[in-house]
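Going by the order they are written in, the chains are A, B and C; count residues from 1 in each one.
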């Protein structure tokens, strides 16, 4: 197992927005390059401004959007050349997403367990009902839920935190080697957040899973990631070892970002938005 | 923004008394699954009030019923959620059931002007096939009493306060990032300057820099109108800096409520204590552990104190008796038998 | 489903009226199964008898009992409308959903085909076919033709909904759960467009029945198969109005108009139900 798991080479993405007459170009991602090694599973965090292209980058890595310029390769294969069929199937089994908004991640008119079953059937080789249920239950237990709690329920019957854990469980059910988690903990409480983030660490260490962790939560990024990139307006403004950067950011935007983190007050400190 | 934009009806009277008083509210999801009735007691006996001229924070475990509570207050209940008991009384309307059994035309008048509600995950409520500008027009135009040009200027100015450029008005929701959409819904809910704003996790998709601006906007709108905000978030840092009072929920109940600094400095409920101690910080390498044990089932909650299976302070009594919510200091209420021991523990 | 029905009946008088009117027409059609007269028999009843106890709607100049003839005619007319609605639904659903979900060139190709069909002048084409096919033109063939010409408008509507579904995250979840395109369309997206499908199929039935009646009145269909339009055609052939046999025209026209209005009322009340805003207001709910 040598070589790159994922390799981004000056990836850029430009969107055109607006009607026929008032078109505006939005440069969502500009010249982003990085590389994850197959031999060294890691948690790679992307943090940055809202609207700086993090989700766009995630969609490019998931081969949902093609970059305007540059190439993205997974295990040496250019994602742009990925056609429907066996290739794509193998790719999807290996690279799974967890999306930003758990309330949107599942069809509101459909039961949740279907997605778990489908993933087990299509990607994990579960042949019959019993195998699908076992697979779904195993995945759910990895995130602190069980099939009994989820079976037969609709998305609106679960809280945000529960939904997000179901979404993570679904992604794990295919046995992926790369997980793209777009703000997976933004909707859960601090305690659950700690357990999900610890789960990521465990998945990395025990299953050798690499995780791209997109977040606004600098504290969890600090506590679990190996490397980090900080994005602003589509560009990577700083990248490297997570702890080094977050302990002592160099770029002005990274500094502002770190300073803006709201932490519980020290004794005698005045709240920022006091009346 | 211009004085003309303000709504005369939304002018506060004296800044006193609660804008909403909730008494012993119980709101359950009543499900019928294959002939078996199941009741999820997501809000089970909550009493609290949001005063005029304050920001009241609500925190608590995931799925402890925070969203259910604010949904019920905002009158946005859908079956199978039902009010099983208790009262909701608003300062701006009569009746003890709040908006939940009010006639549609009254609700229509109260919405946006007196009360507006940012749902959790509300970035998905924007109509996907309408441009953002159209949504603004649909919702806010009637309530603002401005001509077209004035309205557009007001909207653009308001968007600037949440750091959004005027160009988002031309975009469709899917063309915006998650954080941008979330800010659009915040802007929608606040543009009419309602007397009472309910915001459920409104800043979860925002980066910390933008979040700061949005929080500042909440505070300044609140201050301008001496209005009230009920602010739900998991982010204890946000509570520390923004809210005036803070309620902590666990398993469908309010377990502690105090002025925000007191919650952080002197938590008296074991769950609150855990919550505050589990906050990660940059530069702090101690591992953070999630709460031991499984989250309680709201369909079949633990007897006595609902926290007892996971509580390190629990005694025999906690297993059988329900601890009442008691006043322990001015503006500080706790529901725990061992509150003094908790406070004394460093 | 039952709750929906109950709400509709309770809050919506148009729906109630629509149900009643359509119900009467359908009941008429069902009566044809117990008719004492075979539909094609002529001169089995006295001619030109005005409505009476023995012949409720009177009889025709061709010796047919109007009431029982009408039950067959309306049954055939309804069957035609239903067949067209079903066929054109299949077309508009598959094309609309696929175009919306795939987007890109698939969408462009399908929609340009679609637009061609929107602008094609239907009526001349159908008449043309009649002259080409003559006696081989069965009603099923006419229905297939009408369906081929009548899917395009609704396909566009369905596509616009599918287009918005494509951008929602749950579609991606479905894709990454390994669901195939046809599963996503039929299981994930179809439920969202079903309400539109219901209401547009009512409109579509109205449209196709109108078309068939018109063609039949002018004699461009198989006039020996009893249909409402065909009855009016024969009445005109016998100068029924001039001869004072008004009932021969009045009852068929009245019944088909009743069907039009009934279907129309059903369609608009369903529309209202589908638009959640007006529904919430009606149900005492609230806007968000």
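General remarks:
In this text, a contact is a pair of C-beta atoms (placed from the backbone, for glycine too) under 8 Å apart; a residue touches a chain by one contact, two chains touch by 3 or more.
Note that the coordinates shown come from a computational prediction; the quantities given were computed from them, not determined experimentally.
If each chain is drawn as a node and touching chains are joined, the picture has every node linked to every other. C-beta contact counts were set side by side for A-B and A-C; A-B has more.
Chain A and chain C, compared by their mean Cα positions, are separated by 49 Å. The distance from the centre of chain A to the centre of chain B, with each centre set as the mean of the Cα atoms, comes to 27 Å. The set of chain C residues touching two or more other chains comprises 168. Chain contacts: chain A has residues 100-101, 104 touching two or more partner chains.
Chain B has residues 124 in contact with two or more other chains. Only residues 168-170, 172-179, 187-188, 191-192 of chain C touch chain A when the two sit together in their complex. By the touch criterion given at the top, residues 160, 163-164, 167-168, 281, 284-288 of chain C touch chain B in their complex. Only residues 75-76, 99, 103-104, 107-108, 111, 117, 119, 124-125, 128-129, 174 of chain B touch chain C when the two sit together in their complex.
Chain contact summary for the complex, chain A toward chain B: residues 15, 17-19, 22, 24, 47-52, 54-55, 100-104, 144, 152, 157-162, 183, 186-195, 198, 216, 218-220, 222-223, 246-247, 256-258, 260-265, 267, 271-273, 275.
Residue ranges on chain A touching chain C, taken from their complex, read 62, 64, 89, 92-93, 96-97, 99-101, 104-110, 115-116, 118-119, 121-123, 167, 170-171, 174.
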